[in-house]
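Report on one structure; see the data block that follows.
Each chain gets a letter, A, B, C and D, in the order it is written, and its residues are counted from 1.
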Amino acid sequence: MNRADFIELGYLVGASLFILGLKGLGRPRTARRGNLLGAAGMLVAILVTLIDQAIVSYWVLAAGLAVGSAIGVLLAVKVQMTSMPELVALFNGFGGAASVLVAGASFIEAVDLGLVDDQTSVAAAATAIIGAVTFTGSVVAFAKLRESLHWHGFAGIRIVNAVLALVSLGLAVMVVVDPGNTMWLWALVAVGAVLGLLVVVPIGGADMPVVIALLNSLSGLAASSTGFVLDNTLLIIAGALVGASGIILTQIMSVAMNRSALSVLFADAPSAGGGMDADEVYAGKITKTSAEEVAMILETANRVMIVPGYGLAVAQAQHAVSELAKLLEANDTEVVFAIHPVAGRMPGHMNVLLAEAEIDYEKLLEMDAANPTFAQTDVAIVLGANDVVNPSANTDPDSPIAGMPVLEVGDAQTVIVIKRSLSPGFAGIPNPLFAADNALMLFGDGKAAVTAINKALAEG
Amino acid sequence: MNRADFIELGYLVGASLFILGLKGLGRPRTARRGNLLGAAGMLVAILVTLIDQAIVSYWVLAAGLAVGSAIGVLLAVKVQMTSMPELVALFNGFGGAASVLVAGASFIEAVDLGLVDDQTSVAAAATAIIGAVTFTGSVVAFAKLRESLHWHGFAGIRIVNAVLALVSLGLAVMVVVDPGNTMWLWALVAVGAVLGLLVVVPIGGADMPVVIALLNSLSGLAASSTGFVLDNTLLIIAGALVGASGIILTQIMSVAMNRSALSVLFADAPSAGGGMDADEVYAGKITKTSAEEVAMILETANRVMIVPGYGLAVAQAQHAVSELAKLLEANDTEVVFAIHPVAGRMPGHMNVLLAEAEIDYEKLLEMDAANPTFAQTDVAIVLGANDVVNPSANTDPDSPIAGMPVLEVGDAQTVIVIKRSLSPGFAGIPNPLFAADNALMLFGDGKAAVTAINKALAEG
Amino acid sequence: MTLVISLTLFVLAVFLGVELITKVPPTLHTPLMSGSNAISGITLIGALVSAGADHRALTTWLGFAAVALATINVVGGFVVTNRMLAMFTTRKPKRPAAETEA
Amino acid sequence: MTLVISLTLFVLAVFLGVELITKVPPTLHTPLMSGSNAISGITLIGALVSAGADHRALTTWLGFAAVALATINVVGGFVVTNRMLAMFTTRKPKRPAAETEA
């Protein structure tokens, strides 16, 4: 077996590991092993590649691998749990940028050596546009999730995008027709970068997870088309796997948010402020309460449902809540948690936090299971959740979250809402729930408030 | 695009259609379209192949295609519904044989031209053994299902098979080491043919569907290894698809019959007669009944469950049964059907027949749904079923069907068994149910007996 | 095409075959078996190449036999599968038709 | 390797990717996204070839940047995914351990 065959065989092993890894990642029991299999596949691929005859200057590689690993591990280990989606977006952008650079370098090389054929130039053009869109799109998604970018674009942004798409198409044709001039390729990269920026900018932060899944799919396609440039089977296969699974994941996530993937991408920039005015909604209709009063109410409750949201994560209140649940259960009160699929800032956010506080898996109800049971619930405690319990999703067709399925906490006998103020949640809209007759507001930091309730319960 | 590229592209289209076809075949709604997609893929593949430069003598092809199509359509259209599994087995055997012939012919050609390399000889050897086993194994399966072969092998057959397997391994090595002599290949085919025969012969007819699924998987693998001989992507891909899906189907079917695939293949030849003696089981414990008496019992029943089996198919009693259900329902009796997964002679056999008689899909209960409800049932009518209602599967660990989940009709208040005699069913064992206190036997042809009951009901 | 590329295609197709056939209901086992059996008749393609090559009489005749056998498998397989599946689906369309007539 | 063979590999992998990711529960969306993102860093392989070829300074530097960026994607991606998944699974092992101690 010659060296080329050996490399190909290693790539086959790598591809198989990626397939098994992806398969594992889709099932809760096998997810962790799946991730490790994916990493093993990557290791095999790297080792096998390093014996490639064409590789002569190892120091560049060593330096690049060392720098990249150090930064990657640092970011991955330091990041807060709540910032993971941003980080994934950023990583994803780097992957897209790397694809652009690789395709560019190989294209330049092929031009120098006079080896450009149609496959190379078509694939290089595809990589340039897809990779550039992935890069800037991901960086914008990152900035939006960090809340360090608040720009929503300008009127007519869609027309500009359509024009840019046409321009990039023209440039791609030029890359193929006139491959001798590498400037066409870099121009294409530049236009792609602007396009990625402008496509993602108008999208609301709440839709970002869907966008990131889509960009992830694009970065897979960029890798795959880089594979066509380099005639590399593993890049083609692994890129296509990620490209396809990313599209499906985008689809699944959109469905979970009750959006279509297309409406996420091409929705008009949301009208700032939404359909309702906060003062109008809340004026004179807010009932405040205290930790002691809440404790009294809870003492007589038979069934309590806790609805956690992003505020739970910010306040790091998960251990206090676990404590509260134990106190209530000691008093023969049934306690369950209702988990909205998009509560928090990433899918599975609440599950991660509550798992950390060792709350039993069986006590976590998914939305569909939870909603019919609010009517038989004495007290619903809304802890740092806002959008996911906003009834205007059902009642106000003009609301930015109209049509999103929400937890119908209003059906409970008493609703206790714990948050610091009346300020809105992620979607930036007021919540009529807070003004409902059966709703009591307990203002304060989530952790402090729950701790106070626990104290009152223990004393009472 | 040159001609070779065009062919490859056609093959890619063909492969994609096969994939979509297989996917469709796995879901009830899309199954028919899936089959058509598969056929379309085959058509594309054939048309594309016919423009291959290497093909010069079209008359041979035309003759072969004409003969094959005529025979195939004739067999497929003439076959009785109940004989479909045999026919599938036979078709499958032809596929295996064709793979052997193709690999053999290509190998001879390669030898003549001095073009044999390791890939060709290894793949040809693999095709020879797999294809030959598929061919004779399928023919034996066919004969067993036709009940025209009753031989169960001889003592020590497993040792002979092990020896044959070793011999074939040795011959395969010779094919690779000494490719100049094509006799090694034909010897390998011969040994494979004997091996296929002897492996399938001891397996009981009840396990045949599993064996056919496995042989189908093998014929896929034979096609795939033929692809390695010919360097043909479509053969490799389509063969691997069928090979893998066949293995999984084997697995699923074994689980449905409560067997492991390995135990099906390597079980000892079943001891003729089973654990019990018919005279002992039945002597003096059989209660006969008449159509009139059955009609009287049914008139007072609130809930009737009908358990159809192979006898329903033999007697073509489905329309009479449908009539019976209508009469009972007119009398406010609830009628449901309990369908055992292996009732009849092929999976889905009962569903096909009852569908033909336009019995509502909702009235067909699967085994797991049916079993808990027999206790609330006044009358269970066992119509030409035997093994699938045999309680010794649960009670007698020595029974050939021990461990197979059965329909627990004995739990019903009264059980009426309609069959022609006390002769056994497929598994060849007596059925203690017939001797149970609450069981009444109505002897006669299924259709005649049900028609008589209908008449008595209409008159009564 | 190198051997390893062929192997890669094989492995991908195996993974795909496994994923495609999961949780098929028992009712569909027979048609699925028969439909995939028809697909395994793809060896017909190889038979066409062999029989059409006109290399020498023996291989041509082997090829002819292979074409005929494989065609039986393919044509018979798809036809019989279609017949089976037709039985499964006739029921549904008939009912509503009868109702709308009434 | 011809273009059509590359395309064939691409198409098979696309079908496979679609089949692999079906009905993933929402809880796993984030780790799945992040894990498959790490896999898409496979472009690193291409970067290694580019950067190692030592063809001319420009491409070497482009290659170096590509290696570094892709490595961040790969290494960071797998590590962060593992961290996430660790959170999901810590709960289970801890409980029984506590019980056996008691």
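Going forward, a contact is a pair of C-beta atoms (placed from the backbone, for glycine too) under 8 Å apart; a residue touches a chain by one contact, two chains touch by 3 or more.
What you see is a predicted model; the values in this text were computed from it and never measured.
By number of C-beta pairs in contact, B-C leads over the other of B-C and A-C. With every chain reduced to the mean of its CA atoms, the largest distance from subunit B is reached by A.
Subunit B has its Cα centroid 47 Å from the Cα centroid of subunit A. Taking the mean of the C-alpha atoms as each chain's centre, subunit C and subunit D sit 36 Å apart. We define each chain's centre as the mean of its Cα atoms; on that basis subunit B and subunit C are separated by 16 Å.
Mean C-alpha position of subunit A lies 42 Å from that of subunit C.
For subunit D, the set of residues touching two or more other chains reads 1-3, 5, 8-9, 11-13, 15-16, 19-20.
Those residues of subunit B in touch with two or more other chains are numbered 15, 19, 23, 233, 237.
By the definition of touch given earlier, these chain pairs are in contact: A-C, A-D, B-C, B-D, C-D.
Remark: subunit C residues 1-2, 5, 8-9, 12-13, 15-16, 19-20 touch subunit D in the complex.
Taken in their complex, subunit A has these residues touching subunit D: 15, 18-19, 21-23, 25-28, 31-32, 34-36, 38-39, 41-42, 45-46, 49-50, 52, 54-58, 60-61, 63-65, 67-69, 71-73, 75-77, 79, 81, 84-85, 87-88, 91-92, 94-95, 97-99, 101-106, 108-109, 112, 119, 209, 212-213, 216, 219-220, 222-224, 226-249, 252-253, 256, 341, 346-349, 351-352, 355-356, 358, 361. In the complex of the two chains, the subunit B residues touching subunit D come out as 4-5, 8-9, 11-12, 15-16, 19, 23, 233, 237. If you check the complex, the residues on subunit D that touch subunit B are 2-5, 7-8, 11-12, 15, 19.
Put simply, subunit D touches subunit A in their complex at residues 1, 3, 6, 9-18, 20-56, 58-60, 62-92, 94-95.
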